[in-house]
Structure formats: C-alpha cells, structure tokens
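Labels A, B and C are assigned to the chains in the order they are written; within every chain, residues are numbered from 1.
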Amino acid sequence: MAEPDKIKTEEFLINMGPQHPSTHGVLRLLVTLQGEVVRNVEPHIGYIHSGIEKMCEALGYHQIVHLTDRMDYLSAHMNNEAVCLCVENALGVEVPDRVKYIRTIFSELQRLASHELWWCVMGMDMGALTTFFYGLRDREKILDIFEETCGARMTLNYSVPGGVMFDIHPNFRKRVKDFIKYFRKKLPEYDQLLTGNVIFQERTKGIGLLSLEDAIAYGVTGPSGRASGFACDVRKHHPYSAYPFVQFNEALDTAGDTFARYRVRITEMWESMSVIEQLIDNIPEGDYAVKMKGVIKLPEGEYYQRVETARGELGVMIVSDGKKNPYRVKFRSPGFSNLSALNHITKGWKIADLVAIMSTLDLVIPDIDR
Amino acid sequence: MTNEELKTRILELAPDAMVTDGKQYLEAVIPAGVLHRVATALRDDPDTAFDYLFCLSGVDFPEYIMVYYHLESYRHKHVVVLKVKTDGRDKPKLDTVADIWPTAGFHEREVYDMFGVTFNGHPDMRRLILDEGWKYPLLKDYADESRIVER
Amino acid sequence: MAFSIYDFSTLTRAIHDGLAAHLSPLGVTAVEWVLVGLVLIIFIALFGLFLVYAERKVCAFFQNRLGPMRVGPWGLLQTIADFIKLLMKELIQPKRVDKFLYNLAPFIVIIVPFLTISVIPFAKGLQAFDFDIGIFFITAVSSVGVIGVLLAGWSSNNKYSLIGAMRSGAQIVSYELSIGLSLITMAVLAGSLQVSTIVAEQSTGWFIFKGHIPAVIAFIVFLIAGTAETNRGPFDLAEAESELTAGFHTEYSGIKFAFFFLAEYVNLFIIAALATTMFLGGWMPFHVGHLEGFNRVMDFIPPIFWFFGKVFAVIFLIMWFKWTFPRLRIDQILTLEWKYLLPVNLVNILLMTFIVMEGWHF
C-alpha cells in the first residue's frame, strides 16, 4: 500500500476565465490545483479598465461625479457622495441638514439593495437557485423608489457638489416606510432559507479563514474585514453626512470564516433598516442644494475623503493645482484590496470553497479595474 | 500620539524628512533612500503601530513622480501620509513596502502599470491592469494618437 | 379480489391468445417482444418529455414565476419544441476523441433505464418481466449506468470532462450501496425478492406503515441515496454550471446530448417508481387494516392511477429538494454516504431482521 506522502502528484493550471457564471464580472483567475486542492490563485484584472482616473483629469469637478457611478455600480450613490464630500470639504462649503439626511437615506437604501443582490447571488453560487429570484424581487422595489426620485435605477447620479440635483419626490417618504415594513418580514424568511440550512452551514463554516492581523495587513475592509474583527466602519469612526445623528451598531464578528462574512452582511442589512427608520421621519426642511459657482476651482493641495460603501472603505484623493480640472484623482477602491487577499485566504481549500470565498468577498470588478 | 509627537518620532527616524501639518493629516516627505527603514520602524514600534496602509498612489509632477502612502494605526487611530519623491522621471525606482504591508503588492503593481515606477524587491513586478507594451498612461505627457484626441 | 375489474392481465391474455391462434409459438414470442419494446420506448420517450416540462413548471412556481407559457397552451409543447431543436442540431465531434467509446456512451446510458423499467409493475398484470429475483436484477442492471458516465468522460479527451466523470462515477458507485441495502431491508420484510410478491404483500397495508421504524428509516435513506444516484438536487456538483467543470457531457451535442438529458429524467422516474413499489405499495390502493367499507371505496380508483399518483408525489418531493437546498461539496457527498448512510443502513437491516423474526410488524 503506497503511503500518502510518497504518492507523486502533479499540479495543473485551470483558468476560471473572464466569462464565468460565478466570478461576478470579468475577472480571470489562474488557479493552480493539486487534485481538488487549490495551491495558488492568481487574479488577472484589467478587462474592464476604463481609465476613469485619467478621464477625470480632463473634466471639471461637476463632471467627475458622473464617472464615479460606473465604478462600483452597486454603491453608485456612495461613490457620488464621496467625491461631492471631498470637493465640499476642500472648499469649506457647509451643506444644509436636509441634504445630509437625503444623502444618508439614499446611501443606506443602496446598501440594502447591494447586500440583497449579494445574498441572492451567494445562494445561486452555492446551488440554491431559488434565492436569486426572491432577492431580485425585493431589490426591484428599492430600484423603483430610486427611479421615482432620481430617474435612474442603479447609476443614480443624484449628488452634486453642494447638495443634490433635485428635491425628493413627494411619495418618497411613504414608499420607503412601506418598503421597510415589508422587508422586515422578509429578512427572517431569507435567514432561515440559507442561514439555517445545514448544507449551507457545512459549506461555509470554518472555510476561508482570515485572521485580524491579516485583514489589517491586506487592507480588507467592509463586511469582509469586520467578520475578522477589524473594526473599520468609516460611518462609525470618521462619520460624515447624517451619520453623527443616528445610533447604530457596527456589525462585527471574530470568526473570520465565510459564515462570519455572511452573517455580518445580514446584520448590516438590519442595521441599515434601523438607520433609515431613524432618519426618514425627521428630514428637516430647507434647501436641497447650496448655490455653487458654475466652474469650481479647488485651492491648491491634496484632499482625501473616506466613505463606507457596501464593499468597504472607498477613498477619494484629489490633488489640485488651482485650475478648473483636478490635477490627479485617485480612487482607493475597496475591492482592490479585498482581491489582494484572495490568494492568501484560499490557499489550501478546495475549488468549491474558492467559489464560496469569492462570493462572500463580494467583488465587483469595475470597482477594481476603474 | 498627537501630531507633534509623531513629528518628533519621524524626525528621529529620518532627520532629512520635511514634516508638516497638512489640511487634514500629518504629511511627511521622506527621502527615498530611508523609506524602507522608516516604514518598518513605523509599523513595528508599539507607540506608532502603523499597520493599516489604506492608500498607495502615485502623482506625476513636472520634475519627479511622488508616491503617497496613507497609513493608519488600528490601535491608536492616528493617520500619517508619507510622501516619497523619485529621482527624476526617467526610469524611476523606489524600494518596495510589500514585505511590510502585503496589500502594497497589488498597489505597487498598479503604480508601475500607470506611471512606470519600478519597486526594488517586489515579489512580482508585472503590469496589473494593462497589457505589456502600453506606455504609462497616467503620466502627464502620455500621448496616444489612436485613442486620445488632442485639441 | 375486489379490484379484478381493473386487471390488465385480461387484456394481455386476450392479445396473447389472439396471436397464438395465428402464429407459431416462436412467432408469438417474437411479436410480443417487439410490442413490449415499442410500448416501453414510447412510454419512456413521452414520460421523459413530460418530466422535463414538469420540472420547469415546478421550478418556476418555487421561484415565484410562471415557467414556459408561450409554446402551446400553458407551454405544454415546450419540451417537444426543445427536442425537435436538439434533433436538428449539428453533431459536433471533437477531433481526438476515442470514436467508438464516444459514440457508445450515450447508448449505454439510455439503455439501462429500459432494462430497469421492465420489471416494475405499473398496475395489476402490467409488468413486462416478473423474475423471482426481481430486486436483485434491478440493482445489478442499474449499476451498468456508471460505465456510460465514465466512458463519456474518458473518451471526450478533455480534462474538465474527465474530472466531472470521475466525480460523478465515484458518487454513483457509492450511493448504489445505500440503495441496494435499503431495498434489501424491504425484501427482508416482504420475505421475497420477486417484485409482484412484494406488491401483493402490501395489499393489507403499505410497507412504510407495516414496517414502522426501520421502514421509515429505509425510506429516508432511499430518497437521499436516490437523489444522489441520479446526480440531482443537492448532489449535482458534477454538472453544476457555477462550478469549474461543465460535467461529463460537455463534448456532446444534438441527439447524443438529448440521450444524457433524457436518461437523467428517466432515472428520476425509476427511483420514484422503485420507492413507490417497495415502500408505498406499488399499485395497491390505500387500505386501512380491515375497514371493509373504506377499502372498497379506495378500490374504485384504478390501480394505475394509484401508481402514477404515488410516483408523482415522490418526484415532486425530489424536485423540491433541488430547488431549495444549496449544493454539497464532493468530499461532503462521499462523507455523507460512507460515514453516515452506510452504518445507518447496516444497523437498520439488523433491526428489520430482528423485527421480522419476532413478528413485531403490522
């Protein structure tokens, strides 16, 4: 009988190509396998690189907001908000409270929609194909609310430096409250469908561990990092917009495995609903925008703004030389750092676990490629 | 640590550094030669404990390329921005910090891809986003007749 | 017996006598074989088509949508349209495949269900072959299906197909053990391996009620093993789209792919039919002990309706599994069989033997 150590095995390379049902976008993974076990994962990105940072150098400050929608399209409003906040803080402009409340409510609704899509795709990747339809059905309701006010479902394009583009629709308050009431009943059902399922737990508990030190060293932020205990929620530690006015808990877990990342996102959905409920009835009256100059010029210097998107910490750095176009705009995207940890997390697990780990890291590739 | 204390600590590590209070964060321009030593010290020293590198970016200036390292400490919650200038714009080189903060592996590949800055000692110095053979797009003098229309 | 009015053997006997009047015994046998073969082929083809449509509708209703609705009233002609399309497709054959094995594999996979179906009693007197070792025959013949799967993966000359076929083959071979042992448990209760005897024994009550605890355990194990055997439901790693490999039938197109596809659904029918025959009484109506009046009422429904009703119930249950549960990983599938189902099965057989010896069943 041959002893296991003495059996000679070979490693072989498999390409999870740019077109693949579970890579969530155009991502190419070169996986080195030994039998079923993953030895190395090398991501190749750049298939959807649009040169957003270069384009920003030729546009005005009002215009660069519109490009940010397309980066992480599932958190489009939060990207817009990041750039607007950066410009407003650089100019020292104070926006009215009404604007802050509106922006935060939209951000939280978008976070709900993004986590909903993540949940339904996660079920689909695991093989529970029905979750896809349930999740999308509820996401449609949120997108309809967006469309009524902003005119667009996903790439909202609603914030501008100084405020928001138009006032909220008169139906907005009622529709949001109805949706929250409806969704509060649905989320426990979804919890039971996936979270309580023994097969799902067997496939996610203890898989793909990421320790706290590694999470900090690799810069894994957002729910993926918080599941390892990395308390990095920008809304809590560097609050902006209306977050200083609300009470909510930061969803943390210490296990650092796939199941913990899953649980953290579900908890975040509950917290988002709680934040929206605190704000929706108290939107102060006032202007929906401050009058800004037609052509914005930032004073010379570097400005950095941090925002919490559904994926993690988005950073916007604007280097200005006093002219009407920015000198350099850098977007620190959360997916970029999360992807850099993929190889470290997946080493030693099986191919089926690779799919599970990628779903819980929640990568959106245009965010990574910009 | 307050900004004053951080300033003293950085000046101890690198006497030639220029440390100023920026509009948001403490900024320190560090000579390229001492970058690796200063970065390791900033991470390992328990008083500073800068273990979270949250942004690594390059900016193209007329005489040099400046690389910004935004560092935060998880324990102490202070932030510092290290700025390092390369030696001119012709074949710029810098030391890598990928062995100090693993996230820099990807970020430095992107800076190489966009600006052409090679990092000494990087485990995998390849282009990340673009194909081989592209010039470096984020440089200010990047010209591409087929794709960019100059007016 | 009360339901002799629904006896198919009068029909079959009439056909037999009619033929014997005109042909020699050899001719009679030959014609009968051809007739039985034709009936089975047509039945399997139609049933396969119907099951594909049923799966799409059931899946759609679970997912809060309608399913096929356009082709024919309520989409009834959808599967026929799909199969016509598959028949008209070009048979793409990669250059370096092992031609003989590549062409042989789909045929093996589709012939096995025919063999198995021939021993299942659909109604009283409607059973093609009635061996005295019927159950043994079923387990023996259904094992041949694995060869088709492995041949398909090997001959495709494609590393992804090979990996898929290996996984699938390992899974099928493991779960056959559980199926066989469950069937043996019920054979112990019935006291015979002959299928018609097993069904006749259930005339006073279905085995799942007669055999109480061990029969229920055996039924659950049989359902799990049956779902895994047909590569369905939570055990469909080998052909899952969102996994890496596209399965052992990647390189097949057109009618050959249709064979694999059809074989999967006919296997599903066979598992359901076996479950019905062994646990739920076959074509026997639902009798409760000696309540004569109730039993007479139950007898009015023809046995063939009883049979198909039970089969559809089991099929619906298996389809329900697929659209609700996530997928298991390959090592978890094999662990489930070898570490959990097999010991449970072995202990169950002992338990059932003990109960039969002591007479503690109903």
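Keep in mind that, in the parts below, a residue touches a chain if its C-beta (ideal position, glycine included) is under 8 Å from a C-beta of that chain, and two chains touch if they have at least 3 such contacts.
No experiment lies behind these values; they were computed from the predicted model shown.
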item: Nearest-to-centre chain - CA centroid comparison; value: A
item: Label of the chain whose CA centroid is most distant from the centroid of chain B; value: C
item: Computed distance of Cα centres, chain C from chain A, in Å; value: 46
item: Whole-Å gap between the CA centroids of chain A and chain B; value: 25
item: Between chain B and chain C, centroid-to-centroid distance (C-alpha), Å; value: 65
item: Residues of chain A whose C-beta touches two or more other chains; value: none
item: For chain C, residues contacting two or more additional chains; value: none
item: In chain B, residues with contacts to at least two other chains; value: none
item: Of chain B, residues touching chain A in the complex; value: 22-25, 27, 51-55, 57, 59-60, 68, 70, 74, 77, 81, 101-103, 105-107, 110, 114, 128-131, 137-138, 142
item: Touching residues on chain C, where the partner in the complex is chain A; value: 59, 62-65, 159, 234, 236-237, 240-244, 323-332
item: Contact set on chain A toward chain B in their complex; value: 45-46, 49, 51, 53-54, 213-214, 216-219, 221, 230, 232, 237, 301-304, 306, 313, 315, 317, 319, 327-328, 330, 332, 336-337, 339-341, 344, 369
item: Interface residues, chain A side, partner chain C - complex; value: 12, 14, 16, 21-22, 31, 36, 123-130, 132-134, 137, 193-194, 197, 199-200, 202-203, 350-353, 355
